[in-house]
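Beneath this line is the structure, given in structure tokens, with notes to follow.
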Amino acid sequence: MTGRPSSSNDTGGIERRDALKLVGGSTLAVALAGCTALIGDESDDSTEDADVPDEPIEAGLQTFTEGAPAVLGLQAQYGAETAVRRINDDGGVAGREIDLDVVNEGDEHIQNYRQFVDEGKDVTFGPISSGGHEAMVPEIEDRGVVNVATDGTVTTLYEESFPDATYSFRFQNHDVMEALAAVNQAVEVLGADSIDTYAGINPNYAFGQDEMALFSSGIEKLTGAEEVYSGFPELGADDMSAHVTEVNGTEPDVVFSSCWGGDATLLLEQAHANGMFDSTDLLVGPVLYGSANDLSADLVDGPIYSGSRNFYWDEPGTDRWTPAADLVSEVQSEYDVVPTAHFMSGYGAVTAWATAAEKAVDVLGRWPEQDEIAAILEGHGFFTPAGYHTIGADHQGYSNAHFGELAWSDEYDAAILENVSVFAPKDVSPPPGTVSGDWIDAW
Amino acid sequence: MLEARNLRKTFGELRATDDVSLQFGTTDGEMVFIVGPNGAGKTTLVNLLTGLLTPDQGSVVVHQDDGDGSTVEREITGLAPEKRVDAGLVRSFQIVHVFEEMTVRENLRVAVLSERGETLNVLSFDDGHDGVERTVDDLLAQFRLEDVADEVADTLPHGDRKLLDVAMSFGLEPTYLLLDEPTAGVATREKEYVIETIAEASDADDVTTVTIEHDMDIVKSYADRLVVLHEGRVFREGDPSLLETDGELRRVLLGVDE
Amino acid sequence: MSRARLSAENLPTSVRVVLVVLGLGVLLAVPDLARVTPLSFATIHKGLLFGLAAVGLNLLLRHTELVSFGHVAFFGTGAYGAAVLATYYEVSSGLVLLAGAVLAATAVALVVGYLVAGHLDIYFALLTLAFNQVLFAFVVQSSFFNSTDGLSVRVGVDRPSLLGLDQLLVSAGLDPVQAYNYVLYYLTVAILVVVVLVTWKLVNSPFGRALDAIGQDRTRARFIGIPVERYVWIAFTISGIYGGIAGGLFALLQLHVRPEPVLFAFVSGEILFMAILGGVGTLVGPIVGGVILVYLLDLARFYVTYYHALTGIVLLAVVYFLPEGILGSLPALGAAIERRRRDPGLVRNDVETVVTSVRRSVRRAVTTVRILVFGVN
Amino acid sequence: MFESLPYHALNGVYYGFILFMIAAGLTIVFGVLGVLNLAHGELYAFGAFVAFSIVGYLTGLVAEPTGPVTALIFGAVVLVGSLAAAAVLLPVGATLEAAFVRPIYDRDDVYQLLLTYALLLILTDVMKFVWGAKPLDVGVYDGLNAIPTTELFGIDYPTYNVVVVAVGLVVFGWLVWFFDRTKTGRIVRATAIDREMATAIGVSTDRIFTLVFAMGAFFAGFGGAMVSIGPGSAYLEMGLSPLVLSFVVIVIGGLGSLRGALVGALLVGVTTQVVTPYYSELELAVPFVLMVVVLLVRPEGLYGTWGEIE
């Protein structure tokens, strides 16, 4: 179900028709894949004659727009806005432009979704918060307006809690994929034999606890390593020195941390200041790179590997893959940041819905109902500059997981990843219908 | 009869009350006045009797009529203030303590409701108890507060506030009423009026009053018995005429040689 | 009770009857109003529930004059009480869930109330805050309560049943979600009316007067024979029960309970501000305050970028221009408008007063800063 | 498992001094004005953002530290920048007091709470307007740690923590000196104890209140600046949790007592840091449990108070 687009920049060999077919058949899909330049923007839409209303599509996105979690949340907003911009530049979804309302998700996820529905939104996106997403799902099922979650990556959501969801989807990879990618990365860097002990510093809420539990079972399965310390600083902590000190005292081979946003920066600052990298061989963190634009050259110095969920902007490389290069330059000029995985969360969520909606119009010859879009989203495949993605029958998005070594780029004035490993979904997530815990146990 | 037995209370080094034994209410409706220089331990004694403080040593006892003519002793040393009210022991404070945001009538009403054990009642209205309202009217008349009955307490002149404070105490149907300087801060021309009203009421209801007072003229005119405290101890006890005759007492009270 | 005396309770009976009828009418019409206007039905519903909790808090604030900074503890306990019953015991009856909510909140209020009843002023406020946060920390750490992700108030994916009334509406052709929300809303209104009546009875009873006495002069209350701590404890528990009812209904409304929105101490502050905003000296002011503050906090962000500031400015305006809160200042406001209708010249005076006071504030501020910066006056 | 205990205690002392600097301002304002300033946490955040701008500008003027001497210069520049940032809070605090708080001193306490809550909300958006919605890190933490301090004693411990403790001690010393030894300080204390008497002897309580509020803002801002130059960042909601913890600290110490605030802050700091690594799940609860225990045992806090209680 994976397969990256050609990483060759030799486009001459691709026939326009082939390209269209490859990315999903319409210029919209092409535009969102970032391939417009490859094939030109000449319209060839079969949706032109379809019976589609004129008014724009009303869409809502809830994400963290301010404060500490805005480190991730604004990226999602940028991503969604970029996708919407591209869609509207391309003439809209089957001719309908998208109006995107963005609202701070805060702690009011259900409330926000209700308000969007009351305002007559045709589709909603978000949130970032995993707990918020979990709380929303039944409400989404009740109200019946499709929501494509940008993140909200709690694994058990579609696996156990809501196996029969109809209207609720998630684009971003789930927790298992990134925690197990971290396991694989650690083994790849140090070798299974060199990992005897591990420790964890994770934010003290459901997400951090889940990630640590997944990492633990994975690393113990692969290396037989023993946990020597596991600390949970509170989310948005002022100080993590207690945990860094414990790591220094226990000298684990690998430290795992799912800290993100300001917590990730704080951890790296205090880790350096307290000499943590003298006491451990490797720090792996699935979301450290989410703070790419807030790190400094000093902070990324050391054996630190970070995940980047289903998107790292330089993989395939911008020197070889024009869609990626175009995207990065667009994001830099528009927002003055490098895009992170959460950018793709927003971009991909909008893309998933828009391409599915267009496919639906194509099939039906008219604008689809909510349940028709939802039906098409199940098993829907589409391209973004990050490559190929599918939304599984379980409503969960599956894409490659990225992991690489943190480094610094003066050119971008941001952290980058080097030696990026790409893990295919089947290597880091259980097959559909299998519960993660059982699957890991069976390794 | 209310009795203090060997009460002792120290604050750090200071013996505020030092082995004090006294009896109040040996005759019905007795008016006892406690006098003494500042720091003699007058207020501490009243606080010990009414339960605002607990003594380091000694006990507080009330002698109650058990119904068939004989009396029983009941020790109340460790009893909470609100429980002592049930035993008939009521006090006022040197600084007026009334419910500032209530009217005079409401102040008296809540005291009488409390006396009747109605304050846990949530089924009736606070002003829906005819018996209570009658008692309140009587108190208003007795303390000459009818004209200000519907005024809010914190807008009253000081003398009326004092009277209200005392009237509330009477509303509790006390056996023993302890008054800490009821005329303090009252304009001179009103002092007589306040104390006269108290005297009349206590006479009418056979209430034993124990009053701390600085104005010796008032003490001389109204006291049935005099207790003089000095440095925490009982210095003199007896007839108010002692104030005229006892030179040493005068020196202690006035702090000057004559 | 000079507070009350200054406000709603000195309105003529006829005006009060009109206001009550009007208020009830608006309450009953909310679902229809929301349909024809952009008003959010769900947000008003939520506001009423927080308002209900604020009515409970106001029992302490107005009568015993104790400021609770931890009231959401009972709201949250109620919500979690319902959620636990639904998640672990598969209870689907809305009424049983509500009963569970009330029981849970009562138990917690009894314990906390016992421990804080003897404290006053800021110590009382911060102790309630502390218990609130301890409870929050406990729930956030507990896997039983599913940590920060919280618990669902559904059995499987089904909504609780509301006495079968929602089913009745569904069979009459209504959408199930809508039917559920309508029934729940009218259940809320009914409970609200009952609670307000009960509170009205309570505060005008001898017990209510005893609470006033405690609030105005604790020492004196004690010395007229009122067992102060015990009564504060009772009042605190009643007030917590209100929170529990509101929290239970909130659980039925949201159908998912997470710790931050229903247990975090800052939400306690919000409940306190709802009471003040609506009018501490009034019975139903806290409900009005609840709807307005919840509306601002939840929905202002949909309309403006600087939504915190918007909320702040509304609150500032209330502090300066409606000194008895929104409802509490109505009589004075009405009288003032009446006077100005008769003598429009007064309006110019008002403008002048406002301008002068603003100018004076600015001058004070400038002077102060000048002194600070240059050290001269 | 306890071999790191001394380090944890040391971390606790550092964390305690951070808490002290925030709580000191709150306790002064409460002790003198009787106003529980809910916007105090926003003033702290304000200080952090201003420090981001000022320290960022100043350090841009000097070279990154390369040796001990340049590191010292760098450190001095950062500290001067932090002080300047806090100084910005003086007029801010004074203005808030003069324009907003002063008109409502004679109103019921609850309106003061509502007012300071309104100010909290407005200040949040002022910061959002000026500095944007995202966290900002001035990035001088590394440079500060380049100053050799603990290495001289053979311990590997961040210099920044040492600086915080030293600065905290200076703040405490200055405050004690100010209130015990200076005329203004004594007048402030007299005002705290008896407003009417102070007015009667010719003290302008308006001036005193403005001064005290400005001081409170200054120390809040200074606390924020010290955090801003540390490993953390300045972000919009950073004031909320310190505000609540400051309540805890000043209640444990005794309202209005400076010594109490220091002892309370150290108690909370050390307990939290020692408990956290072993029982992470207690981190949130520890300060509040501590406060409940102290209040139930000693209702007036460890050090009593300046103002009167009934």
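Should a chain be cited, it is by its letter among A, B, C and D, assigned in written order, with residues numbered from 1 in that chain.
Here, contacts are C-beta pairs under 8 Å (C-beta built on N, C-alpha and C of every residue); 3 or more make two chains touch, one makes a residue touch a chain.
Model, not experiment: these values are computed from the prediction.
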Open item on the list: Consider the contact graph minus chain C; what connected groups of chains does it contain?
Closed with: A, D | B
Task: Chain located farthest away, centre of chain B as origin (C-alpha) - done: A
- [ ] Kindly indicate the chain pair that has more C-beta pairs in contact than all others.
- [x] C-D
Open item on the list: Suppose each chain is reduced to the average of its Cα coordinates; what separation in Å results between chain B and chain D?
Closed with: 50
Open item on the list: Based only on mean CA positions, could you tell me how far chain C sits from chain D in angstrom?
Closed with: 32
TODO: Could you give the separation in Å between the centres of chain A and chain C, each centre being the mean of its C-alpha atoms?
DONE: 39
Task: Where chain B touches two or more other chains, by residue - done: none
Task: For chain C, residues that touch 2 or more chains besides their own - done: 140-141, 219
Task: Residue list for chain A, restricted to those that touch at least two other chains - done: 204
- [ ] Between the chains shown, work out who touches whom and classify the graph as line, ring, star, complete or other.
- [x] other
- [ ] Just spell out which pairs of chains touch, all of them.
- [x] A-C, A-D, B-C, C-D
Open item on the list: Please output the residues of chain A touching chain C within their complex, sorted ascending.
Closed with: 101, 103-104, 106-108, 110-111, 114-115, 118-119, 130-132, 134-136, 138-139, 141-143, 154, 162, 164, 204-207, 209
Open item on the list: Looking at the complex, which residues from chain B come into contact with chain C?
Closed with: 50, 80-82, 85-86, 90-91, 93, 97-102, 106, 109-111, 113-115, 118-126, 129, 152, 154, 168, 171-172
TODO: Within their complex, state which residues of chain C touch chain B.
DONE: 1-3, 5, 201-202, 204-210, 212-213, 216-217, 219-228, 231
TODO: Could you pull out which chain C residues touch chain A in their complex?
DONE: 34, 38, 40-43, 46, 140-141, 146-150, 152, 154, 157, 159, 176-177, 254-256, 258, 260-261, 298-299, 301-302
Task: Complex contact set, residues of chain A against chain D - done: 65-68, 70-71, 74, 204, 229-234, 236, 238-239, 241-243, 245-246, 248-249, 261-262, 265-266, 269-270, 272-275, 294, 296, 298
